[in-house]
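Shared between the two complexes below is subunit A, which has subunit B as its partner in the first and subunit C in the second.
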Partner chain A sequence: MNKTLFFIVAWLGLSFCPVYAEMSADEAAQKASHIAYYQGKDGRSSVTMVVTDAQGRTRERQMTILRFNIQDNGDQKYYVYFYKPNDVKGMSYIVWKHPDRDDDRWLYLPALDLVRRIAASDKRSSFAGTNFLYEDVSGRSVALDAHEMLPGDEKYYVLKNTPKDEAQVEFSYYKIWIDKNNFVPVKAEYYDKEGKLYRTIEALEVKDIQGHPTIVKMKASDLNSGAFTVADFSDVAYDIGITDDIFTERYLRNPPSQWIKG
Partner chain B sequence: MFEKMIAFALRRPKVVFGIAAGLTLLALLQFLRVKIDTDPENMLPRNEFVRVFHQEIKKEFSLYDYIVLGVVNEKDKDGVFNPQTLEKVYGLTQAIPKIDGVIGYELMSLANKDDISQGGAGEVVFKWLMGKPPYSAADAERIKERALKNPLFYNTLISQDAKALCIYVPIKEKNVSYRVSRAIQGILKSYQGDEKYYLTGLPLAEDAFGKEMFVQMGVSAPLAILVIFLLMLWFFRHVNLVLMPILMAMDVVILTMGLMVGFGFPIHIMSSMIPIFLLPICVLDSIHLLSDFFENYAATKDKNKTVLHVLKTLFIPNLFTSITTMAGFFSLSFAPIPPIQVFGVFVAVGVGIAWLATVLFIPAYVALMKEEKFKNFGLSHEELKAGLFSRFLVGMGRFTLRRWRLVLAGTVVVIGISLVGISRIQINDNPTKWFARRHPIRIADSVLNRHFGGTYSVYLVFDAKDKGAEVFKEPAMLSYIARLQEYLGGEGDVGKSTSLADIVKKVYSELMGGEEASYVVPKTKEAVAQCLLSFESSHKPDDLFHFVTPDYARLNLWLQLRSGDNQVMARVERKTEAFLRDNPAPFEVTHNWSGLTYINMVWQDRMVVGMLWNFMGSFIIVLIMMIILLRSVVAGFVSMIPMTVTILFIYGALGWAGKEYDMPVAVLSALTLGLAIDFAIHFIERAKAIYAVQGRWPQTAEEMFLTPYRAILRNAIVVSIGFLPLFVSPLVPYNTVGFFMFTIMFFASISTLLILPAVVTAHPGVIFYEAKKNFLGSCPQCLLMSLVVAGAVAYVLVAYSGARWNTATLVALACVAALSMVCVLVSRSRQCFFAKKGVKEKERTI
Partner chain C sequence: MKKPFAIWMAACLAWAATGSLASAEWQALGGFMEEAFGYRASDDNLTKHKSFDMAEQRLQLKDQYSFDGEGLLSRWRSVLRFKGDFTVDEYFAGETDFELREANISLTPASFMDIKAGRQVLTWGTGDYLFINDVFPKDYESFYIGRDDEYLKKPSDAVKLSFYPKAVNVDLIVIPYFTPNTMPEGQRLSFFDSFEGGIAGKSSDRFLVSPGWQPENFEYAGRFYRNFSDTEAAVYLYRGFDKIARSYKDEAAHQLYYERQDVFGASLRGPFAGGIGNIEGGYFYSPEDPKGDNRLIQNSMAKFMIGYEKDLGHDLKIGFQYFYEQTLDYGAYKAALLPQDFFWDEYYHLLTQRITKLFKNQTVAVSFFNFYSPSDQDGYVRFSVSYDMTDQWKIVMGANIPWGQGEQTTFAQMKKDKNIYVRLRYSF
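The block that comes next holds the complex of A and B.
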């Protein structure tokens, strides 16, 4: 490596240090949450999730996710439409996300032509049988945890997040690594009630899309069972003009064709 | 040659003991690397299909062997569904996964299960069934109602009467179950209250049996030794002389086990029985010697001369009994069951060592003792005839001579009654029943199987022929599986069954509004798939893949049986096969069985049937050896009569008593054969030796009543009483061993002393004959021999046509052949021995 360049980078890094030190844990958590879940006014991506179990068997999910912000860092709406496996094609969800209370969810099953409201007592159940949880897809509210800055390194802030209501979750705390440059959360480690690491989420690839640093590949691993899921996000687009009205029961039965090809 | 051996032992006793001590030390050193294997699954070779398949499906469906923890509350009117009990269950569900060896995240408990239920209009609720404590009375009521309504929990996690619930604790390996169960018991101490806790499950029964078996080994074997020692002391009244055979027997056990461990064989459930088998065999040999020594010493008052005389007289019978016993046990190795092969070979080796030890140690030991120690030892001829025991022996002996017809008629009646009993024998086994009724595992087993669908797991795995078609998402296929479940549920043995069909039906009915009528498999494959994806959006999506593979090409139907009896398993298998035959599946599928309960049935079946065949093989081998040894086909057959009657009687008694023919009973049949023939050999050999002097049967008999009769009965009494302590063991196989030892010794000795003299009185020629080189010259002899050979050939053809030969089989075969050669040689040299002796006797009379 070019020595001069190296020194310049090192010097730049050092000179920014005081600025980083002033960053509070809450602020870092809020920024990371924003980068992961709230960029742009709305967004769309095609997602392929491949679950690999402990025996190396894989199963695939393919879907389109639409997102609409009601309020920055606050309420959001999601629309999830399944393409694969073939026999669940057309299954769709609508989620009205409320950071301060249980989400509202509706599920449409085309084979039964049935819309059901789903009341889930918590958001920590599996997302469509993958190693991602609902909360990983829609985001965990920053207000639910107490954040504490741990000694990080030059590249990352490390936050320890302890739930305020421990009874609601299966972990005792989790750590996240946040990229100091762009506030992308690149890794999370979950520790169980005995303090044992049992679950990780990693960002495998980050791209700049329309000026937004965007995770386009991530992996969730269940260390207990040995299974993991890799999610690929393609065709990511921000501010495409999604409207509030598509997140209703009517659009569950007839997906909005401008965003979702049936 | 044997005289040289004895002479050497008499001359250089210290050398003999020095070598023995050295070898013993070497054997003891081997125990440093002892491996213990208490897994009864190892009764089957590792590459056996059912074992390989069991491992495969355990991996494929993430199934584990479970310890079952039952929580029962009979005091509270709501059973276990009161806030206190539920909080304890919640606490246990949190605490047990922390135990090392438990697969925490696969633990099954109501406290970590998801529930799907109805919310408001058109609403489905997904939530943890129990949530977190504290619970109110209303919570408890709701949990009870929800749990009872969920077919996935009902009868598995909670009982119908709501008085009991179960926590299924998955373990990494079977051999940690005992340790894990101890740890659970430790945790339970802080959860005391109205609840009663029960721990059971096949892996625990198997592992606990292994552990407790070794404890019993340490208690029972020494206790048996002590009792035998005291009895012998009472008979012979000489501590030092009685101590000898006891020490010898222990040494033989150490040498044999050391040899086995040294060769790298683990101590398995079977081989842990070796000491119990060797002990009576060793003691038997030396009691014959001591008995004769005791009675002859008074005549000579010279210990060395007496011992030489006694050994000479008994050398042949002792050698014969050892050779036949060895052949009997070697033949166990023909069976393709690895632990039984090891067991057979090393018991046989032990018998060989015991024989060597007897002819070397006894003279060497006597040589080391001072003559003064024998001052008041032994019986004079007058003393011999006096006494209650002697009068009884003479009385019994004369009775058999006078009323021989009555004795033989009685024998026929006993055989007849026994045969009827044998036809009633039930072949059955169940490792849980290896524990006595009062054992905690047995109690837990009966309590939990009364409340629940069953603690015995069986897996019926279906494979679709078309791997790519996701056959097990097809509604027709799932309905078919559901029909099978319904059929099995109605037949009684299966208390509960769970399959993918149940999951689909449950999810579908809740999506459709929770009505009873919608508890069915939906009509299209897409609908099934969408129900399943909904199920996967729960806290525990992996639960699905205990019942189906992700490619939907393989399905696992989990059956719970209330009993682990082989007969029950066999009945379930038979009925299922019949159903599958009569009701062809809508798609082409194959099926296989798995699960510990099924594996147990397979190995126990193979073992019981294998032992039966082995037993017949041993019988033929011993018969042929007796024919060669006695150089008469007729005498060979006659010598087998008391043993045959004994065996028929014992198994007949089992049949009449309703005791099932299980693994321990199967194994003990080999011992019966090995021990029971000994008495006949002693009887015939001694009778021939005395006859050679006396020349007439009645006079010979009179002499027989005293010394040989006494030795035989003493043996019987010592060993049968010596093994009585086994009756108090909490492990049933030990009781069985005790029962067998008692009846074998008792009946074999009595039948020998009753039947043989009666047969001989009827026709003395059957055992007293001129020994000929070519004894097959006469027609009847030739005919009988050809029958034996034909029987042997037929046996080999039938028993081994389908058997897989392995190294052990070949080694065992070679050993039996070698032993037969020894037989031929011994019987030849003996002819000369007796021929010379006969000449001398004649000279003297002249």
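The block that comes next holds the complex of A and C.
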């Protein structure tokens, strides 16, 4: 009798185990974050962001972004060099991203030859006046949210992410859709404190680059204002040999010409 | 009105010339056109014009050339940079001018070394509109009438060598040709003139004597800096001249000059209490008056400042600074004064506060910067609103309001120079 029970339990366990073990919410969130922000040891991409307001007027931002991983899924360094709009052309920007505390940021203003240290505790402010936020560009730490698996479908995991510290953010929770094949986060929906959907981010095009599934076109929409921003990523390359020293004052003042064409 | 036409022609020719040289390595020519007007908001009969203090058109052109191919300059990753401003100044009856702001070459002859030679803007230090170890030339006239912040800094003709060994980074600068600060001098902005015994305008007949162009007058500046974790530390050295003519050459002839000055300083900057903190100090040695007992020459001084900036979220930033200055050997200076001399206080305290807020997806910037000196009982309010109408068009409106009781102190002497300005810029 005991043996039979054991057999039944074991059988049930074995058969259900793959379902439960298939993917925990935390694991899915971690994998999606890795795919979106940590592939390769380093990377480069040319980014064009077109902001369209509710009246249909457009503004354009153009930049090259260099990325360097200090730790996989941990600290990273970013270098951003602006080409457009014309009045910010030549500005460069360095971020030392720390998932567990405030980032370190420096901005170089070439007209003044000034390296300014940026006080930046608000990671949820607009990136360069677009509908993307700093956290969309450099990634939100997985540890900042509690993740819960919602019923998905064949193609996507759906996660509900609730911030552990609500005071730090403008949303009450957000949902993300993660492609089961490659863990690319293809859509995010942000809900405000009243539970109303107010902001979405969508991957419009995903390409395989050097074996890494890569979002090459994405869109951030502000549903309250009707404005949206489409970002195109071109010349994407991974593991191009970027070194740690690029993310210092030397190269802030003098953009590294092997990766950035003035 | 023929002169402005000539300037625009010259600008077009310059454009055409760079165009004909154009190869893949030349970047597209960029720059802006700007129209600026400043309305004088206080009664001032002393300056050239009563009703305005700025009315000018400006065309800035800039370009850069990156050496490509196999030559030495390419291997050294050399870049040539040019930037110049053509201006038509209606304040001086449509006077035209060309100011070369940058003409320099950057080279990396070794992996641990950079060189930048030619006309360039030089900046270091940690203050926000306050400077201790940044001893490079500035244009305070532009600052007070509301030109873009870019024009607060004047270019220097210099060679800058930078070294990057592991332990500490080093910048060494040699400036063969002295450039003084541009200070109010009476035509456009009234100021305190000790020869006139009060606030003076266009009647001021001071003569400012610059050091001559000779090897012993070369200026030398050095900075040694490195990070300790996320805190930036720097030590600064400078041998040169005061950038403001504060010492008397010949009292009878109303001559002032830029006395010799050596500066030794240091700074720290890093994350502090949820924001960015900075601290900077400097000892200003006056080699021509080491004991401080010469009433005609500026004494040695000690300067110190501490600052804090914080991001409050929602594109709102605030900042505070405290600045302290002490005239050294003050007893000797006081004892040497003659009865009729104007004199300066031993201690100077200054507080500043900044609020910057961005609106409408960061296209509107409102900035409020306030200087206040409790020791001098004077201050200066800088306010501006800028709006990026499109990626090309930008409009800036602002006000400059210096105020104070006396006539002699930093901001009180400028109290007749209050203005309200507007600038319209097209960038390309």
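FYI, the second predicted complex is superposed on the first by the 241 of 262 C-alpha atoms of A that agree within 3 Å, B and C clash if a C-alpha of one lies under 4 Å from a C-alpha of the other, contacts with A are read in each partner's own complex, and residues count from 1 in each chain.
Note that a contact is a pair of C-beta atoms (placed from the backbone, for glycine too) under 8 Å apart; a residue touches a chain by one contact, two chains touch by 3 or more.
The shown structure was predicted, so the numbers you read here are calculated from the model rather than taken from an experiment.
After overlaying the two complexes on the shared chain, residue contacts for A:254 are found with subunit C alone; subunit B is out of touch.
Contact with both subunit B and subunit C is seen for A:119 once the two complexes are overlaid on the shared chain. In the superposed model, A:84 makes contact with subunit C only, not with subunit B.
In the overlay built on the shared chain, the residue A:71 is in contact with neither subunit B nor subunit C. Of the two partner chains placed by the overlay, only subunit C lies in contact with A:102; subunit B stays clear of it. In the overlay built on the shared chain, the residue A:194 is in contact with subunit B alone; subunit C does not reach it.
When both complexes are overlaid on chain A, the residue A:57 reaches subunit B and subunit C alike. By the document's definition of touching, of the two partners only subunit B reaches A:224; subunit C does not. Subunit A residues 51, 53, 57, 59, 85, 87, 111-112, 114-115, 117-122, 124-126, 128-129, 227 lie at the interface with subunit B in one structure and with subunit C in the other. Remark: subunit A residues 51, 53-55, 57-59, 82, 85, 87-88, 91, 107, 109-112, 114-122, 124-129, 134, 167, 193-194, 224-225, 227 touch subunit B in the complex. Of all residues in subunit A, those touching subunit C in their complex are 51, 53, 57, 59-60, 84-87, 89, 96, 102, 104, 111-115, 117-122, 124-126, 128-131, 227, 245, 249-250, 254, 257-258, 261-262. The touching residues of subunit C, counted against subunit A in their complex, run 27, 30, 32, 64, 66, 77, 79, 106, 108, 114, 120-124, 126, 149-150, 152-153, 162, 164, 169, 225, 230, 232, 269-271, 274-276, 278, 309-315, 317, 361-363, 388, 390-392, 394, 425, 427-428. Listed in rising order, the residues of subunit B touching subunit A in the complex are 59-60, 62, 94, 98, 104-105, 114, 119-120, 122-128, 131-132, 470, 473, 511-512, 522, 524-531, 533-534, 536-542, 544-545, 549-551.
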